[in-house]
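First, the structure itself, so that you have it in front of you.
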Amino acid sequence: MTDATDTAAALDELRAELATANHILVSQGVLDAFGHVSVRHPGRADRFLLARNMAPASVTAADILEFDLDGNAVHANGPKPYLERFIHGEVLRSRADAMAVVHSHSPAVIPFSVVRGVPLRAVSHMGSFLGSDTPIFEIRDTAGDASDLLIRDNALGRALAGSLGRKPAVLMRGHGVTVVGATLREAVFRAVYTEFNARIQADALRLGPVTALTDGEASASAATNASQIDRAWNGWREQAAKR
Amino acid sequence: MTDATDTAAALDELRAELATANHILVSQGVLDAFGHVSVRHPGRADRFLLARNMAPASVTAADILEFDLDGNAVHANGPKPYLERFIHGEVLRSRADAMAVVHSHSPAVIPFSVVRGVPLRAVSHMGSFLGSDTPIFEIRDTAGDASDLLIRDNALGRALAGSLGRKPAVLMRGHGVTVVGATLREAVFRAVYTEFNARIQADALRLGPVTALTDGEASASAATNASQIDRAWNGWREQAAKR
Amino acid sequence: MTDATDTAAALDELRAELATANHILVSQGVLDAFGHVSVRHPGRADRFLLARNMAPASVTAADILEFDLDGNAVHANGPKPYLERFIHGEVLRSRADAMAVVHSHSPAVIPFSVVRGVPLRAVSHMGSFLGSDTPIFEIRDTAGDASDLLIRDNALGRALAGSLGRKPAVLMRGHGVTVVGATLREAVFRAVYTEFNARIQADALRLGPVTALTDGEASASAATNASQIDRAWNGWREQAAKR
Amino acid sequence: MTDATDTAAALDELRAELATANHILVSQGVLDAFGHVSVRHPGRADRFLLARNMAPASVTAADILEFDLDGNAVHANGPKPYLERFIHGEVLRSRADAMAVVHSHSPAVIPFSVVRGVPLRAVSHMGSFLGSDTPIFEIRDTAGDASDLLIRDNALGRALAGSLGRKPAVLMRGHGVTVVGATLREAVFRAVYTEFNARIQADALRLGPVTALTDGEASASAATNASQIDRAWNGWREQAAKR
């Protein structure tokens, strides 16, 4: 088999995996009709794969498009892309360590984006990757106070990537959250457990002062969990297929 | 094809679309056994389509009746209509810009109808159409303090339409919410995201003071979202069909 | 057809309806593996029908037993009955107007049973039958402070019926709720909307002071809703059948 | 039939039952992609059965492994085991009365693990087995403040078993909960109702001061409920099979 057919086969597999990622994220309550998940091109670090503009529950491998990091579709005259593809391009550009990005309107997470002084942080070991704080991207700082809150160009994408920094997740005020992973499965895993940790943290705060994970606990736990991602992926894939 | 058959075909299609709207609203948790959704007649602005008195989950195109704006059934001796059809007739009469109306007992929304001083407003960009305030219709002001809370005649319908004004939604104290849209799909979209925004807002208020969208953000975001309605509709339709 | 075959046919139909009531109450989140629903015998006011001791989701017409109001099985050597059948017998004895009883561990309702000073009351018109207050049965007043909280004999059943009085529902501290209806469908309807109203009321109380229905509103709304029960029943039956 | 074939048949049955326990716990919202449930070997009190490292929803009888109480797999070169099998071994070692153990990240329970001064306790008779307090295992006391929070060796398992003492459940700070039962079905029953009671308790605390069960009520109710476990198991098994 030539290198070219190798790459083609890897791409085919990755498109199918990306379709599954969409279905898992819907099934787990992270995505609804909106939000999207991307993965870096396996052969070209300056490209990424992302579904065409459609509801995630219905995405198939045939709906996956290829983009450069500026958010331009590689193949001209293709179907309509997501308006916010710049999230994916700019985050992947600024984070060589990241291979995948999930952007969602995760319902338990958004409340933490609109309240100051209550940082979303690791209170459950499943959310340990969040560490002691999750940055909030305030789009007003870049786009003024009359934007549509969307990451609709590269400048906004770069600003968002700036807020994200080296963190696994960045909240977007009044909008949602963007999560990265070293693999597609890790990004999905983190997106699911960001929602889980947010719900636990909000519920715990109503009971009283909360003991969060220490930095040492968060790092150690995150390292351990990283080895368990396939277990979750396989289980979630089966659940998603039943729906 | 004559104009008459054109209209007949358009009507058939719209009845099927209205049945789908019912199923989506149940599937998305906006309607339960109660609530209803109407659409203005495509050929006659003084008429609207609405299911007969039945649970929304079971509505088919054959269950759709035609009414004038006074809430009179166009075809005599038909099946029993919804008691509150006057919501639809009077709101459509007062709002030439509206083509569809959803009335629901949306569970996260009702709490905002019974508490004063905590206006339901856009805190999430998906709820941006709500703007900075959602009016509350207090039926006691029209019907006194011993009514059954229902919009059971044209006078109450007009009073409700008066509270709604030019807004996309009006809360009904102790009862529910009525939402309008420039299309059937927009009304459904807004009904789903009114519930979503209410849940986010209530959860955020428990964490601390909430940063809501500015008026400029709300307008800009609402304009953008209006172009994404088909994405949501298509995804929801598939989900509803699986149930 | 003789009277005897008439009654037999009516009984068969009622057993099937009672099985459906069980499935609806599970599907609507009122019953889980526990709780039960009874209906008075159509031909004999001093008897009632109730499933044998089993999870409600699995009840079929063949699982329905017949009891006298003392809670004795009419047919000897039958399968094991529910321990708390005395709820049904004594409530039906004390309430000639009631034809059916639902006892559940309805999750949004139980919190109101363990907190004093926050009466469960009609804040939504769907819960209007609750009126301005729901009594709480404190079993310690009858059984002392070391009981198993269950209505395990006729004396406790009578005490519960005493707390219920002429109301549609009585909370049972730390245990659940018992609801009556003039028909089986009304009892099911009220059980579903007791849960609904409790959730709305708790959520509203977290936002601020709540405007409840006036007594006049509650009566008028309850009277209207009583005519809409079949709509809900038919929709719920279809939903339950799909699970 | 010889004793050996007797034991083999009993083991086969128990493996199937353990697979069902996994499915019930997922279906009831106690386990997600993580957590596990074990049962003591029917013929050897120093061994236990536990699935290989995989998502609980997918476990079949063929995935069940056998371990000694030190957490060593009895059959060499088998598939990868759960990292936290030491929970099961050490708890079963310290509790001769326990035949089964559930470890979960039960979402309504975790908040009680990270807040001091609000003990998880019986407020609902279905949670009566919890009594007046649930101990919290603080792993920092054993492993210092930079652990990954997991029970990854026998020493940590022993420390957890020490916190559990003679109780039915022990919370694990920032992690989850471990529950024991005199039978597999009782452990499953308790895991489901620990989640249920936690949700009720948290919701009730938001309404006002809560009346919990007395010690006498808790003991009496727990004794009664122990006789109703098969009812729940049979209902839950049917529900889990439908998913």
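Chains: A, B, C and D, in written order; residue numbering restarts at 1 for each.
Simple rule for what comes next: a contact is a pair of C-beta atoms (placed from the backbone, for glycine too) under 8 Å apart; a residue touches a chain by one contact, two chains touch by 3 or more.
Everything numeric here is computed off the predicted structure, so don't read it as measured data.
> Which is the least count of steps on a path of touching chains running from subunit A to subunit D?
Shortest path length, in steps: 1.
> When you check each chain against subunit C and subunit D, which touch both of them?
Expected: no chain.
> In terms of residue numbering, is the interface formed by subunit A and subunit B classified as same (over half shared) or different (under half shared)?
different
> Any idea how many Å lie between the Cα centroids of subunit B and subunit D?
Here subunit B and subunit D have centroids separated by 46 Å.
> Measuring centre to centre with CA averages, how many angstrom lie between subunit B and subunit C?
Their C-alpha centroids are separated by 32 Å.
> Two-or-more-chain contact residues of subunit B, please, as numbers and ranges.
Within subunit B, residues 206 contact more than one other chain.
> I'd like to see which chains touch which, written out pair by pair.
In this structure, the chains touch in these pairs: A-B, A-D, B-C, C-D.
> Which residues of subunit A touch subunit B in their complex?
32-34, 53-58, 83, 105, 107-108, 110-112, 114-118, 144-150, 173-175, 202, 205-206, 243
> Note which residues of subunit D are touching subunit C in the complex, please.
On the subunit D side, the touching residues are 122-126, 128, 196, 199-200, 203-204, 206-217, 219-221, 223-224, 228, 231-232, 234-236, 238-239, 242.
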